[in-house]
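In the two complexes that follow, subunit A is the common piece, with subunit B as its partner first and subunit C second.
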Partner chain A sequence: MTRRSFLLAALAGLAGVMLARPLWADEALLQEIATRVADAPVLRAEFSQTKTLAALRKPFRLAGRFTYAREAGVLWQVDTPYPARYLIGREGMVEIGPDGQRRAQSGREAAGVARAGQILQALLGADLAPLQSAFVLDASRQGEGWRVTLTPRSAELARHLARIELAGHDAVEQVDLFEAGGDHTEIRFTAIARATQLTAAEAALFAR
Partner chain B sequence: MLRRLFPLLAATLVGGIIALAALGKVPVETDLLAMLPATERDPVAEQAMAQLARAHERRIVLLAAADDSARARAGAIALAAALRRSEALKGVTLEVPAGALDAILATYLPHRFGLLSAATRNDLTAHGRERLRQDAYRALASPIPTPMAVPREADPFGTLAAFLAELPVGGSGFTPEDGILMAHQDGRSYALLSAETAGSPHAATTQQAVRAALAQARAAVAAEAPGVDIDATGLVLYAAAAQDTAKHEMSLIGGLSLLGIAALLLTVFRSLRPVLLGIACVAIGVAAGIGAVLAVDGRLHLLTLVCGTSLLGIAVDYPLHYFAKRRLAGAGWQPAAAMAAMRPALTQGLLTSLIGYTALLVMPFPGLRQIALFSMVGLAAAYVATLVMLPLFATQPDGRDTRHIGGLQRAGAPWRRLLQRHGGWLIALAVAASLPGLARLHHDDDVRLLSAPDAELARQEARIRQLTQIGQGSRLFLVQAPDAEQLLQREEALTDALRADNPQHGGFVAVSAFVPSARRQADNRRLLGEALFGAERWGEAVLDEIGYRPTVAQALARAFATERPLTPDAWFRQPVAQAYRHLWLGPTAGGVASVVTLTGQWPAEVLRAAGDTLPGVTLLDKPAAVSALMGQYRQGMAGALACAVAVSLVLLSQRHGWRGAAATLAPCVLAVSLPLAMLGYLGVPLTLFHWLALMLVFGIGADYGIFTREGGAQGEAALGVLLAAITTVLGFGLLAFSTTPAIASFGLTLFMGVITAFLASPLAARRETA
Partner chain C sequence: MKAALAAALLLGACASLPPPGCTALSTTTRYCLQPLPAGHTVAVNQLVDMQFPGRPAGERLVFAIDATDARMQIVGLNPLGQTVFRLGVNHGQTQWDGPPAAEALARQLPALVQLMLWPADSVRQGLSRDAALRVAPDGRRLHDRDGTLLLDTRQSDPDPRLGQVDAVFTPLDARWRVTRLAD
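On to the complex of A and B.
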């Protein structure tokens, strides 16, 4: 298992958490989060991601937009520093080039992505068993909002990933990934908007 | 003296074989392919096939499937624990050893600049280095996971990660999750396990032990992790199922035919003695056949055993004719005289049967040769037993009432008269009626038509194959070259050609995918070196632009300057290489050789084109090669049959004259051609096994003709032929109900042939007796 697959799993999970009614160990708080995180068929947000790595002399920043469609998958569009589009469906992930051409991932990469899609599905169904088997979930109040910490259960996972933290109010607003080697990835979501359906352009991308 | 000793010798032989069988010491071969001849004239190709078969034959692949990942894991862990408790299995593998991925990384990291994926090579040659810049960003930004945790600073452009992702490691649809190989598809989660049988998968003891272990393991999983489905596939499971089917059919068909024959003989002879002596003659024949096969081949093939049980049908004919004579002769019967009168017919019958089998014996087809050897020795032994033992043990004439038998004979009289008066017309009619059927005959030599693998096992295997992309193992490429470096280059030419055709067809497993040729590695280093470390130090600029520390680019440049290529020897020393060792055949007479195996659904013409055009590359397609060979032998068999008819005609003309010989052979020629016409009308494609059956029909039909000719149509010979036909139909015809298509078509053809031979037998009678 790799740290990057965990990043992916966390991202996929995140999308679900933004919508789902979570059922975590701390029942009262989890119920509260569940009522606050309302359900919607389509969710859009802007994201900014900051990687702070030992190999980098300055943090690596990435910004873009994110569309989650409950029935179709996730469209992850990077605007800066270079434009790129990734489409994550249940069958795997493709990169969509500027010319619209699609570049499929090789078998094993696709398998990892498909797994993230599975976790997504589990979260949407409020079935947290897949996540709870791999992580210890710990929820707490943070003023008006909430915070959930996911700690890997197995030593094998812990070799790469220290913990994942999710925080938000009426939706997940921040994700922090702490890698075992000290590297840190932070993703913030802003301008979160719920919708009932995809735009025609988005629908066309998902349809292919 | 010898005559007195024979029963003793025979009893010892029969007892010995029965004892061996009871102890389970008769080695029985179940693999249908083992019956088939070596298809490749090239010994290196044969070695490749054999080595690959050895690598695969003990393996069992299992899947634990459930609706969620946690349950599938729990099921897989329970399954592995249960399988490890069994002594029938070894090497039960579920957990990916901790550090296995790190070991792969450690192997490749020191050689990373010479290792490029096909996509990266294509990008660099076709689009230049701009793609590398995107790759460097993508390595930090993309939500795509890479399967192995390559340190970012060692592979900032992601080229090694791309190469590692392309490695054709087993179960390509599976990724390690928490140390267990898992896959997810259509809402189901799967965990992958593998194991090996401790003993040979062809041994019945191994098959039973493995099956018991698997049943226990399934029960353990059902108790500990309910809701988990277990699929398993492996040669040993198919072999066990085939063994079961054959044993079941042998005991059912053999038992029914024995019962039927005993009941018939008791009704006709009203005495136990002919039945017991008949069974004794058959038993001696079967025991001698098994003994001869074991002495020559060392192991008995299942198909020989099944076809051999039908030897019952022919061997029992010899004592039948003897007892039929005695039954009808009344009080004035003399054993020695009767046997003397019968001997020419018996001898001619045996000789014509042997002529048919001689043709099979000279064919380079191990399976047919074994059936022929079994049948020839068995028939000869039954013949000797009849000649020697019957006059010893059945000496008293049978003076009892024969009225009920007379009725049986009278019932057939109108038919016999019709045939003898209008034989010529009837033959012309039969020929005219069968011509359109014969014209419609077609052949299908596809070897897969001959076996019907267990449906449940096939379903499980299909699911496992679909998820794991495991190759079929029956189609592969043999690559040969003067030395290892050129061998790897030729493999690369092959895999490049396959990849260029259409990657959607499937994949391949080649040593060169794990350790590229020195030339390919040098080429990769040149491509990557020019892009990254060329005059403008472009790579350094890109890394700086992204924000990497200067030390990262410096370390890369240092590593590039001192890097050496990965050698095949170094790679083969790695633990990960052990699983692919069988692909490397090593030194041969003409240099070195390796195999490239295929996964997925490659169209035959794509593979053939690659095999035909590339130097040193040969496509080995076992099913296709065997099917082609079956076609040749089928034609050979048809020719042998024609020869046997001609030789028998000459042989019989010595005693009966040309017209007589033609009349004697008329029933057997009709018995061969009418079933052929029938199969043509039914639209059944002919296989080698139909012709094998026709060969037997020829022998049987010739027997009926000879006995009718020698004994007269109304006399005891007619009774003998009637009994012989019924017993043969009981012995062979029941094979038509076998679930193995090869045996069923054999049985059906014999059934039609024997009925025809019986009905046509009065044609052989002398005119003056009519």
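On to the complex of A and C.
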């Protein structure tokens, strides 16, 4: 790097620091969001998911419900257009068949699913701190609510994922995933309810 | 001269390989991808339950299919809606974006989809001359010139893009159940 280009880079960096909002403002808001959202060990909601695929005319829609257990993971139950049940946790994802039989993901796909499971669990709990190593977090207020944009730090992740946007009030109400290739997944959560413990049926499904 | 000889040798070596855009269904029968007839388009999401030898539990994927003229896109999604692969076909040239281990099988996918779903006249145009395709309101049967059954489908609706299709691809010993997902 020549002296002149080094100076330009240094000036650009300084300008960036001056133009950026103070770091503490985001961190305070992120902490506030985590406090507002993660105050229950169990969260239940219905979801509607729409995936818009780049260059395809017909979007793909799913609907169902989920149970988020802070200590155990996420039970994701698709009701339409077909029934499907999945347990998603930090260790990965297990499919639960109609007969109750469990099938774990294996191979290379499992690692990606496990990572996605970690992200999903963190997103649903608005437990954003662990995501800061992989994403740049930008939080803002939206009226009474909030919005957080997660932008991948690594070029490798950015090759697949452009950004994730979260929005809500006292819970995460919408997640938008923008893939690098142009696909967009919107997940809306409704009928959000908090609880202190799992039902017996849920506990049986979470038990591995 | 040397170049001409090399080209001749190369052509000879490739003579048994199907040309781009074509898939060998048996030693004597191939299918070459066909454009949709003018004015036809396909834009469907289908749940596909697949069973292969050695995979008794099978695989369940959603195929999002979008086709116009000579272009076709197939996106494979897992039941959670995560993209597993993306396959594009443009005038017979295929482009694959997915797990490398699945590429060889997936490159046959556009042909299998067309054999099941495309208008029968289009399918006939893409088949080797001596292959026999019989089409009935409840399904399709494809035999090669030796009479070997290559494809047997049973469909719940006269239009295979609607309802449910059960297909057996004999050369791959693969069974598919294809169910159209509501819009």
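The criterion applied here is as follows: the second predicted complex is superposed on the first by the 146 of 208 C-alpha atoms of A that agree within 3 Å, B and C clash if a C-alpha of one lies under 4 Å from a C-alpha of the other, contacts with A are read in each partner's own complex, and residues count from 1 in each chain.
Everything that follows uses one rule, which is that a residue touches a chain if its C-beta (ideal position, glycine included) is under 8 Å from a C-beta of that chain, and two chains touch if they have at least 3 such contacts.
All values derive from a computational prediction rather than experimental measurement.
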Practice item. Have a look at where A:W146 lands relative to subunit B and subunit C in the superposition and call it first, second, both or neither. Key: neither
Revision key, fill the gap. Between subunit B and subunit C, more residues of subunit A are touched by B
Exercise for review: Considering only the touch criterion stated at the top, classify A:S154 as touching first (subunit B), second (subunit C), both, or neither.
Suggested key: first
Practice item. Scan A:F60 for contacts with subunit B and subunit C and give back first, second, both or neither. Key: both
Practice item. With the two complexes superposed on chain A, say which partner A:A84 touches: subunit B (first), subunit C (second), both, or neither. Key: both
Check your understanding: Looking at the overlay, does A:W76 come into contact with subunit B only (first), subunit C only (second), both, or neither?
Key -> both
Point to revise | subunit B versus subunit C as contact partner of A:Y68, first or second or both or neither | key: neither
Review point. Taking the contacts subunit A makes with subunit B in one complex and with subunit C in the other, which residues are shared?
Key: 49, 51, 53, 55-58, 60, 62, 76, 78, 81-82, 84, 86, 95, 108-109, 113, 116
**Study point:** Residue ranges of subunit C in contact with subunit A within the complex
**Key:** 43-45, 47, 57, 62, 64, 66, 73, 75, 77, 79-84, 86, 97, 99, 179, 181-183
Review point. Across the complex, what residues on subunit A touch subunit C?
Key: 49, 51, 53, 55-58, 60, 62, 76, 78, 80-82, 84, 86, 95, 103, 108-109, 113, 116, 179, 181, 183, 185
Practice item. Provide the residue numbers of subunit A that touch subunit B in the complex, in ascending order. Key: 1-5, 7-8, 11, 49, 51, 53-60, 62, 76, 78, 81-82, 84, 86, 88, 93, 95, 105-109, 111-118, 121-122, 127, 129-130, 133-134, 154, 156-157, 160
Review point. Residues of subunit B touching subunit A in their complex?
Key: 68-70, 73, 98, 134, 137-138, 140-149, 152-153, 156, 165-166, 172-179, 182-185, 187, 189, 469, 507, 546-550, 552
